[in-house]
């Protein structure tokens, strides 16, 4: 484990708290802004149920995209939460990497809106999937930096680190593989994203000893 | 009461604080975003008061919807606040359920905008009412999970739990009953929502012993 | 001073902190959302400086409105900050009143956008001025509730309370008086709002003994 | 160092925490709102990849502007973070100046959207560059106020203060110099902004003794 360095902020410091609060704020805003992408249709206000139902029916994929993206960002927030609870301190490098990571979280409402509007278009699926793959990739970069710079509460046994890295890498693989699939069927590609859920549950069972302790302390 | 479990975060931990701060942030944003649904009318800027008054007059139902939704989300925030102040610790299950609950809070600005724009349409009322019913239902799911998993500060006497469950269920009933009413009169249906206020006050009087203590400690 | 009551949360409790954090979040979002009211003009992208300057020139009043509203909400945030730092505890009544107050803070981006778009129209000025008058009125209601319910750190001497009440009332007077003025000249009416600044400085000099202590402790 | 004054809030007070939390919230929202400036193109939903690619291709400069502004605001957030961690206490003057500074942070999404839409226009670049220059100038005003009012943890040696002032001033110079450059080539002007990065790294090496300690304690 690396020695205590200058410009490092411990878990209990005001500065650590600010990075966490700032990240939480950004996550919360990105998740709430997703709804702005669903535009109320402009039809004459005749009070006719059928007409409004038709107009709102076209927003179906926007609503689906909203909930998918809310779940995706929510999952990253939970992982971010677990990662930061395992940190002993943060350094300027991690603050910078965290900002790069958050930039893509903040960007996600745009691919979500594109996907919601052009659900049938393989390009929308590809842009969305690549953005998510980049976020998962950056999650791995954060873990790697914390591991190497000795910022974690306990030095990670190599097998636990590999398990964590694999957990971050799996969405990269699933989402990138969905890109060619989107050219066959966009619906199939979007459905394939849900494979990350059973995968995550499976990985949780194969969790090596020490991984659980590390996160909950 | 269940024993202390791994992956549970106590009331004073940084992790508990993050969940609370994240929820508060999301509530605050959802409430503030409601205003984005009120679009400034585009008329020629002649400085004529009558013309602008006419144009803004059409936004009347948007403004009403804004204040209704602000009150609705505000009420859920107060309940969320009271619920979390009664928790001894949170587990991963509760964090996940809380996210599902927050997804519908974050979604509410959309039904609000639809209701504001198509106030006369029974479908707008129905969509809004169903969203609120789902949120109240999820409130009950959160309470039930906390009760069963032993996350509450004090084990709830069965009658207090039932009283709390009934308090969460009552808006579900009121809002679902307003859906058929909307096909008679949308104004009447929206007015019926205010029945939850006297109901809540009535329920507060019938509060069983121990319920008050539980929330204020 | 009233005795400690059930359902009251002291200054150091997690619950007090949540109300403060939630309010701060809402203030911050309302202030930042003001910028959404300034729409980028849609002109052909020829790279011509004169054309873009003309198009952006029409947004002049939008930009002025942004900075006025930012200053207005910022001033309320500072007052909210000072008020809450003088509270010993909060009760459910104050939480509810605070939500009503925040509803109008959250609403302000709409009158701001109307004022920015129809700056020459007396109605825009009137709507904006009335909203601000309501907020200042609610500020007084909050102070009165805290005074009567004994929520303040120190019981306020009657003269200090009156001084504080007058400080909250003065914007109500200035903004309401600007409404008839707007029918003469909207620019003059908007300029009259700045009278609250020297008034506030004057009031600060006439501050009765004990007022300062009360806020800074 | 100035004596402890009335209306000053120490680093550990709830009030100091609120200013920090409010600032963090505003930064996070301003950064996330940048994405709202990227509008989803409206083309017929034929599922044709080429058409959507063309439509999205026109948003290229919007996406670039998003990431530039995210990096710009992120850099200011890191500096704000370091500045506040070096403060012993804050006074009303600093709270006011901080609000003026935050007003321009909150304004930045507008110049960003203008730049994204009219990337080829020297005026867009000029407006953006001037806004950033104002923010860096205000950063200097904040440092100067804290230095003169004795709000810093340790009285700054004159050379450390000058070094900090120079660090804040350098973006002012770079961004203002990019304005005339924009009339030659807007791309070149935008690229010149990146000169602040090697400049900052260079300045960090020439950091006088005591500067580092000051920030990390």
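Observations on the structure shown:
When the chains are written out, they are named A, B, C and D in that same order, and each has its own residue count from 1.
The definition used in the following text is that contacts are C-beta pairs under 8 Å (C-beta built on N, C-alpha and C of every residue); 3 or more make two chains touch, one makes a residue touch a chain.
Worth saying up front: this structure is predicted, and the values here are computed from it rather than measured.
Mostly differing positions are employed by chain B and chain C in their mutual contact, as under half of the interface residue numbers are shared between these two copies.
For the pair chain C and chain D, the CA-based superposition corresponds to a rotation of 90 degrees in steps of 5.
Each chain gets a centre from the mean of its Cα atoms; for chain B and chain C, those two points are 26 Å apart.
With centres taken as mean Cα positions, chain D sits 36 Å from chain B. Listed for chain B are residues 21, 25, 29, 33, 36, each touching two or more other chains.
Taken together, the chain D residues at the contact with chain A in this complex read 11, 17, 20-21, 24-25, 27-29, 31-36, 38, 40, 45, 47-49, 52-53, 56, 63, 66-67, 70-71, 74, 77-78, 81, 85, 212-213, 215-216.
Taken together, the chain D residues at the contact with chain C in this complex read 6-9, 14-15, 18-19, 21-22, 25-26, 29-30, 33, 36-37, 92, 95-96, 99, 102-103, 106-107, 109-110, 113-114, 117-118, 120-124, 127.
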